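You will see two complexes here that share chain A, one where it goes with chain B and one where it goes with chain C.
Then we have the complex of A and B:
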């Protein structure tokens, strides 16, 4: 029983960063109705630039953290300009393919930057742990959860209390109606990319700190985890992305404990398979769909 | 105030509007009438920057706005209320209004009093917190109009504002349009309800297959036999007085 609770808590902590990744996919899907396949690679390259500074110039961990965030945002803006802004809205497939191509390009850039297979990733917090009752908490995982909660809180305020957030929600519902109302959808989209890249940078930094190493495959990994978590929760739904991320983390943690490391990733795919068969809209997807259908009927 | 010069609009090589020229003077209600597919909406969309004009120019208060993006056109003071209302169903009524005032507000959303809303749209003022998806068709059209006014335009482009409304609600919408003109707005109106529109408009242009075939004051046009038989489906009587006509959907 104690193991079960411990695993669930561990899973939720790790799942909180899956949730951040999923939020990144879901916001871009909401605004653009497209999937940004290069999101994981964006974070990976941002973290690589931070690591490169650490390897070659021995900068402090704080500089690595800030560089990682800043360069993730810049790479995110680069992706938006090149494969979303430059391709017209109706060409959904073209921008999906181009985001895949950019993913490859970003991966190449990272390999040229640091050509060895793995590098140690400088973590902000030393690997430490503390106990509360019978439960063990790892410092870096706890800080991951705290960071994720802060990010979700900030995002909530941004979306529901500011003009930018309202514009983003309006564009997500109908970019045409938003254009009639004088909302600059291109600018809102660019800001959305910068925002989700920042959140992805935080998630990526927290995950890499826990792993204490970085490889070019991190991009693929982050894209998979984020996409699976988004689809579990329901595409385009923010609460869904959070729930999906936590669920994925918990299921993976239990699979790791009861079945072993080789079943951890398999459990994620099985979970997604089961969800797509039983509830194709995801946990929160169905409700969103029916609300849109309602809006459509009235209008 | 608004001058459209030899405007041409195409979609993927298919010409929707051919060399249309028209003019709207300050304080006027000018109407564009024509059959479905004649290109009325395309003209409005070109003015508001939703579609780029293929040729020709659009002048607003003497300055060219042809080809400007839609947010720049709204910033100059022209707002289009699109056909089908296009309200944001997932947002509340209040949020719909605030989204439209996007360019003229602070970063943090804050409620403010809207005396204009209370006066012109009392039904909406009581429903600010309800989701817009739950509004009736008439309320949704009122919200679309109120939202169009929120950014403080000097000119409104109205695309089929009475479409899908009962005659009574349509009458309410036409009443509102004339009140808006009395408050100093200039209005370019596209409508199916030709008879009612002609009672309201100062001048009108008749659009056929992307070209202007007739234009003149409402009284002139209503005494034009061809127009009356084409758009009202009855032979033109000797003394047709548009202002005494009952409103009825065409």
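Then we have the complex of A and C:
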């Protein structure tokens, strides 16, 4: 029983970073109805730039953390300009395919930056742990959960209580009407990309700190985890992304404990398979899809 | 205040709007009428910046509008409503109005708190006034998608007014309305005009146009075939042919009594 609770807690802590990745996908999908496949690679390249500074210039971990965030935002803006802004009027598929191509470009850039396969990633917090009752908490995972909760809180206020958030939602509901209300849809979209890249940078930094290493495959990994968590929760749903991320983390933690490492990823795919069969819209998506359809029929 | 000169929009070989000249004076209610497919909606879309014109110019307060995107035209003072209502369905009535406050005046006068959080008393009072004008005070926190059809129309009106336009383009506002609602609408249009907004009204419903417009231009096949006061237009031969000369039995009648 203690194992079960411990695994669930561990899973939720790691799952909180999946949730941040899923939020990145879900916001872009909600606003533009497009999927940014290079989201994971964006974070990976941002973290690589930070690592490069650390390897070649021995900068402090704080500089690595800030550089990772800043360069993730810059790479995110680069991706938006290239794959989404430039071809925003063409088919949805065009953005997705070009974001896939850009993924390869970003990965190549990272490999040229640091050609060896694996590098140590400098963590902000030392690997430490503390106990509460019978349960063990790892410092970096606990901070990941706290960080994720703060970011979700800030994001909630931003999306539902500020003009920027309302403008973002207005653009996602009707970009044409939003433009006629004086909202600069292109600018709002760019800001949305910068915002989710920042969140992705935080999630990426937290995950890489826990892993203590970085490889070019991190981009693939982050895209997969984020997409799966988003699909589990329901595309375009913010609470869904959080639930999906936590669920994925918990299932993976239990699979790791009871079945072993080789079943960890398999359990994630099986979970997604089950969800797609039983509830294709995801945990929250089903309701959202039908409510949206209804709303648009009535307006 | 609004000058269209030689304005043309061709879609392939189709001349949706062809060499159109229109001048709208400040403070008037200008009606733009014509049979289906005569280019009325295209004209509105050209004024708003959805379409790029093939030739010609759009000037607003002497300023050339060609090439400016819609949000900049709004900030210059041109707002519009849509033929098929386009509210933000999952935003509340209050949020629909607040998010539309992007006029240069608002940008200049709103402080940080009211701009980004809508928290000041001034913002609340302005929106309360808009809600009152639209008879939607009691629906302030309702989602736009939960409103009845007539309420959605009124909200769209109020939302356009929230942008403090100098020129308001109304794209078939009477579509789907009954007589009483059309009467209310014409009062509402006059009231907006009296508050200092120039109106360009594109409409099928003759009862409304002939009742409120002071100047009218008639389009057919993308060209202006007549213009003048409602009386002039009703007596015009070319107009009568365009509307009544066809065998189309459901062509709208020019008779205001309907």
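Everything below uses one rule, namely that the second predicted complex is superposed on the first by the 297 of 299 C-alpha atoms of A that agree within 3 Å, B and C clash if a C-alpha of one lies under 4 Å from a C-alpha of the other, contacts with A are read in each partner's own complex, and residues count from 1 in each chain.
The criterion applied here is as follows: a residue touches a chain if its C-beta (ideal position, glycine included) is under 8 Å from a C-beta of that chain, and two chains touch if they have at least 3 such contacts.
Quantities reported herein were computed from a predicted structural model and do not represent experimental measurements.
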| item | value |
| --- | --- |
| Superposed partners chain B and chain C on chain A - clash or fit | clash |
| Which of chain B and chain C A:101 touches, first, second, both or neither | neither |
| Partner chain in contact with A:91 - chain B first, chain C second, else both or neither | neither |
| First (chain B), second (chain C), both or neither touched by A:136 | neither |
| Touching partner for A:184 - first (chain B), second (chain C), both, neither | both |
| Chain B versus chain C as contact partner of A:162, first or second or both or neither | both |
| Contacts of A:5 with chain B and chain C, given as first, second, both or neither | neither |
| Those residues of chain A which chain B touches in one complex and chain C touches in the other | 161-164, 166-167, 169-170, 173-174, 176-184, 292, 294-296, 298-299 |
| Touch list for chain B against partner chain A, complex | 48-50, 69-71, 73-75, 79-82, 84-91, 95, 98-100, 102-103, 105-109, 132-137, 140, 147-148, 151 |
| Residue ranges of chain A in contact with chain C within the complex | 161-164, 166-167, 169-170, 173-174, 176-185, 292, 294-296, 298-299 |
| Chain A-facing residues of chain C, complex | 48, 50, 69-71, 74-75, 79-80, 82, 85-91, 95, 98-100, 102-103, 115-118, 143-146, 152, 159, 162-163 |
| Contact set on chain A toward chain B in their complex | 161-167, 169-170, 173-174, 176-184, 186, 291-292, 294-296, 298-299 |
